[in-house]
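Chain naming follows the written order as A, B, C and D, and within any one chain the residues start at number 1.
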Amino acid sequence: MSDLRDLYQEVILDHGKNPRNFRKLEDADHQAEGNNPLCGDRINLYLKMDGEVITDIGFQGRGCAISTASASMMTESVKGKTRAEVEALFQRFHELVTGEAEAPPGAPELGKLTVFAGVRDYPIRVKCATLPWHTLRAALEEKREPVSTE
Amino acid sequence: MLDVQAIRKDFDILGREMRGKPLVYLDNAATTQKPRVVIEALVEYYQNYNANIHRGIYYLSELATEKYEHVREKTARFIGAPDPATIIFTRNATEAINLVAYAWGRQYIEPGDEIVLTEMEHHSNLVPWQLLAQEKGARLRHIGITEDGRLALDDLDEIITERTKLLSITRMSNVLGTINPVKPLIDRAHAKGAVCLIDGAQGVPHLPTRVLELDCDFLAFSAHKMLGPTGVGVLYGKREWLERMPPFLGGGDMISRVWLDRATWNKLPWKYEAGTPNIADVIAFGAALDYLEQIGMEAVQAHERELTAYALEQLSRVPGIRIFGPRHVEHRGGVISFDLEGIHPHDIGQLLDAEGVAIRAGHHCCQPLMERLDVSATARASFYIYNTEEEVDRLVAAVRKVERVFSRAVS
Amino acid sequence: MLDVQAIRKDFDILGREMRGKPLVYLDNAATTQKPRVVIEALVEYYQNYNANIHRGIYYLSELATEKYEHVREKTARFIGAPDPATIIFTRNATEAINLVAYAWGRQYIEPGDEIVLTEMEHHSNLVPWQLLAQEKGARLRHIGITEDGRLALDDLDEIITERTKLLSITRMSNVLGTINPVKPLIDRAHAKGAVCLIDGAQGVPHLPTRVLELDCDFLAFSAHKMLGPTGVGVLYGKREWLERMPPFLGGGDMISRVWLDRATWNKLPWKYEAGTPNIADVIAFGAALDYLEQIGMEAVQAHERELTAYALEQLSRVPGIRIFGPRHVEHRGGVISFDLEGIHPHDIGQLLDAEGVAIRAGHHCCQPLMERLDVSATARASFYIYNTEEEVDRLVAAVRKVERVFSRAVS
Amino acid sequence: MSDLRDLYQEVILDHGKNPRNFRKLEDADHQAEGNNPLCGDRINLYLKMDGEVITDIGFQGRGCAISTASASMMTESVKGKTRAEVEALFQRFHELVTGEAEAPPGAPELGKLTVFAGVRDYPIRVKCATLPWHTLRAALEEKREPVSTE
């Protein structure tokens, strides 16, 4: 499965199997639900904010390795960031996985998230990788309707 | 037995590669590949006698009409319907079911009536009845399923009752592979005065079908799942119903006389075929029917059963695998849904794709069944006449590889 | 100007014979021929990447999905619709109109509402509204026609009123060739709050179409009348309507979530595409659109106008001929209906067939218009991009011969 | 139009142009309407019977040369015949035009009607030729519904 190594990198497989921050925050002050209509997978995202800054974040739901790893690594990346920083990060991530921009591996802002670069060759899986991010944005905007990735 | 190697030669696509590996096509429940004769029938039509049919008074149109109507006869023969006028061409099985829901349902379903479905139905045999039931104030009932994915027939007396106006069930599950005992269910529903529709989208391509023996009132299926082109569905209906029902779509060809404010209807089957039909694809579907008839549906079924038995045996040895549906191969057709512990079916599908193995991963348009099985999706391999044991081996090897790749990650 | 000889080389069928004479195909209003690229697109699809689309996680399915959805974008561009999600693929124009009659009509038409049509509509733009009006207790009104086959606009104020809920008219008559002033009619109907559907079955294949300029709420047309395969229709609709309307057919692909007793709907455009679409033919339709775009619709229209002017001039000299429709070529497209005194159109068609000339004879799915013209049928020749002046000469010579054969008999 | 000579024989053209018995019988005791759904053409048939024998017959309507000539020549052939004879004649005529049986030109029962043999090569026109006959049978059976040729 040589070509697939790019998609299923070790770190993705690891986060897919052992997602970090996989928990409901009982005292969340922001939350949102996201779903991927293509596969029916869902994610619930919970946030605690201090002003503009995300102080805690957790998620639950079921999804594939890509979406679970993306959610897991996203929670790690955004903790302690402001809304504006998250938004900027989302833009870079989106460019990375859709292949709109060539992010050199290790692009400073993205950090470990560059492992998702392989997704760009699998259009259907782009939705998997971005689902947690769309849901995060919805939580920040306090959307009530579940968001979906289309 | 089928001469599978000879058959494979008729399908150019089976010789191609996917992701650099020879293609193993195991998504036949979604759509099958088409033999060269079907593709050639399309080319021949468009190159030699493409013309709109019915009422054309020139040679091309007469020829096209004759060929188109001839396929109706072939279709009737294929399912054992004595009268070609009881065969309606639609776009797909879904439209055929909707035709009944609109034309029959809007006329005959009343508040309080009950429509009996099952928990394993495809969305195409659920949603049309939901829309109808909501509009008419009717009630939907569902026959449940057992642990091994067969219909739960214990409490049938409570489900099929005098209030039942329609029984609409699939001949074969597109997820579990279960072949349902439709004949006794139809008899039971008929005894209560209900009308019976069989969703034959999976049944007709894989099992011999005799509508007179089944005694179903309606049967719906799709050409593209049985070697035919996309864009053609079939509705068979008993003449008495097709005569009594109002039309569905209005327009050219389905009329007898038209005034500005009203119209009368054409005879069967044209009453239900409005506008220019999918002439080319219906004609090409004829070539698919010939092809299947030449092989014989008993042989098709026997081949798939053998392959399924082999696949079940091989797959069941993969660590962490769970196989859904009936354990015994007599109760199932060539569809195997499975998952691997802790691995999402989409990841399975993706990794199999990299091995050149095309399967489907997802809810297979059966979300309520997924709910019932308590999964969000399954991986599904499904067979047809051209699949081989070697291909099953490739599938199994690929599934094992998936398992290995992912178990690495746990360590 | 078109390089017609080069174009003809792309259509193998135009080189064949009919009844031993070179084929002159003049039944383009019924269906057009298909260039080689369209046929090749079908073959390429079936030989290389035939697979069911949406949710398939293997390469073939991804490719098929991408190509299918890409044609939606092409179609949108072809008619000047900015948003591909407003393009719904149906089986034909007839189904597209019925979709609106069912989904929009059942929701928004109420007793006493009026639906405005014309006396020159095709049955496909009459019968769906008759069925709707009967069901809802609405009233049909019809814009009449003048002696030379144009819409009679004098008493429009009495026909399009506050009670008008829908105006549904053809862009171009498939019998008279009349090009209707749809834009001012739409504006007038909109001013009264009505919704406007344009039957573009004849318009879109022959005239440049910009939906934003027309400002129609819906536009229906068929691929097979514009070089595309049979089995594909298009419904364009304004997003606001498509969002608000309930779905039409229920089943796979048009849903978002499904439970046993209810469901929620997919986004546009899939909300209206239930079941497996006509994948192959939609993809091949893309090749037809490319072909037409390369020629340019202005050039198509100019070519047909020139040919029509020539044909009108030549035909008008045949003894006993009567030509229906507008006298001036600016008011018409490439469709010419005629009859010969004392000779039934079917006999004309039969005799032309023997000369290798394929025209249509009959009511052309416009029985009320036949009534209005006081004929049972007409003979109809209709042109497309590959027709030539030489072919018009062959038509005229054949018509003259018919006239001679029959006048012999009177003596 | 050489091949078409068989279909449009002189006698057919003549009867098509100048149909015999083209009139309504005001005192008809049997009548029926027939229509050809393919083209929308219609024929009205009027009979006077004396017991089993057709004593007078007329028709009206509009149709092509084939159907008009067929009606015209049919009226000439059946006048004076009994029901049973008409039914036998219809069977022979049907075989002739559908090509089910080879009737040698001048087959005695059919007489002049053999000119319709050419119809067999034009399946669509079979309906034109048989429309009057179907209508005649309907009139004899006193059917109220219009008959059609399918």
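One rule holds in what follows: a residue touches a chain if its C-beta (ideal position, glycine included) is under 8 Å from a C-beta of that chain, and two chains touch if they have at least 3 such contacts.
This one's a predicted model, so the numbers in the text were calculated from it and none came from an experiment.
Participant: Select, from A-B and B-D, the pair of chains that is joined by more C-beta pairs in contact.
Facilitator: Higher contact count goes to A-B.
Participant: Can you work out the whole-Å distance between the CA centroids of subunit C and subunit D?
Facilitator: 38
Participant: Between subunit B and subunit D, what's the gap in Å when you average each chain's C-alpha atoms?
Facilitator: Using C-alpha averages as centres, the distance is 47 Å.
Participant: From the C-alpha centre of subunit A to that of subunit D, how far is it in Å?
Facilitator: 80
Participant: Mind pulling the subunit D residues that touch 2 or more other chains?
Facilitator: In subunit D, 38-40, 122 touch at least two other chains.
Participant: Could you pull out the residues of subunit B that touch at least 2 other chains?
Facilitator: Expected reply: 19, 55, 57, 257, 346, 350, 361-362, 367.
Participant: Considering only which chains touch which, label the overall pattern as line, ring, star, complete or other.
Facilitator: Per interface graph, the chains form some other shape.
Participant: Which pairs of chains touch one another in this structure?
Facilitator: A-B, A-C, B-C, B-D, C-D
Participant: Can you tell me which positions in subunit A touch subunit C when the two form their complex?
Facilitator: Residues 37-40, 122-124, 148, 150.
Participant: Across the complex, what residues on subunit C touch subunit A?
Facilitator: Residues in contact with subunit A: 54-55, 57, 62, 66, 256-257, 266-267.
Participant: Touching residues of subunit B toward subunit C in the complex: what are they?
Facilitator: 12-13, 16, 18-19, 23, 25, 27, 30-31, 33-34, 38-39, 42-43, 46-52, 55-61, 90-95, 97-98, 101-102, 117, 119, 122-128, 130-131, 133-134, 140, 142, 222, 224, 229-233, 247, 249-255, 257-263, 274-281, 346, 349-350, 352-353, 357-362, 365, 367-368, 371
Participant: Could you pull out which subunit B residues touch subunit A in their complex?
Facilitator: Residues 19-20, 342-344, 346-347, 350-351, 354-355, 361-363, 367, 370, 376-377, 401, 405-406, 408-410 of subunit B touch subunit A in their complex.
Participant: Sort out for me which residues of subunit A touch subunit B in the complex.
Facilitator: Within the complex, subunit A contacts subunit B at residues 1, 3-4, 7-8, 10, 13-14, 16-18, 38-41, 62-66, 68, 122, 125, 128.
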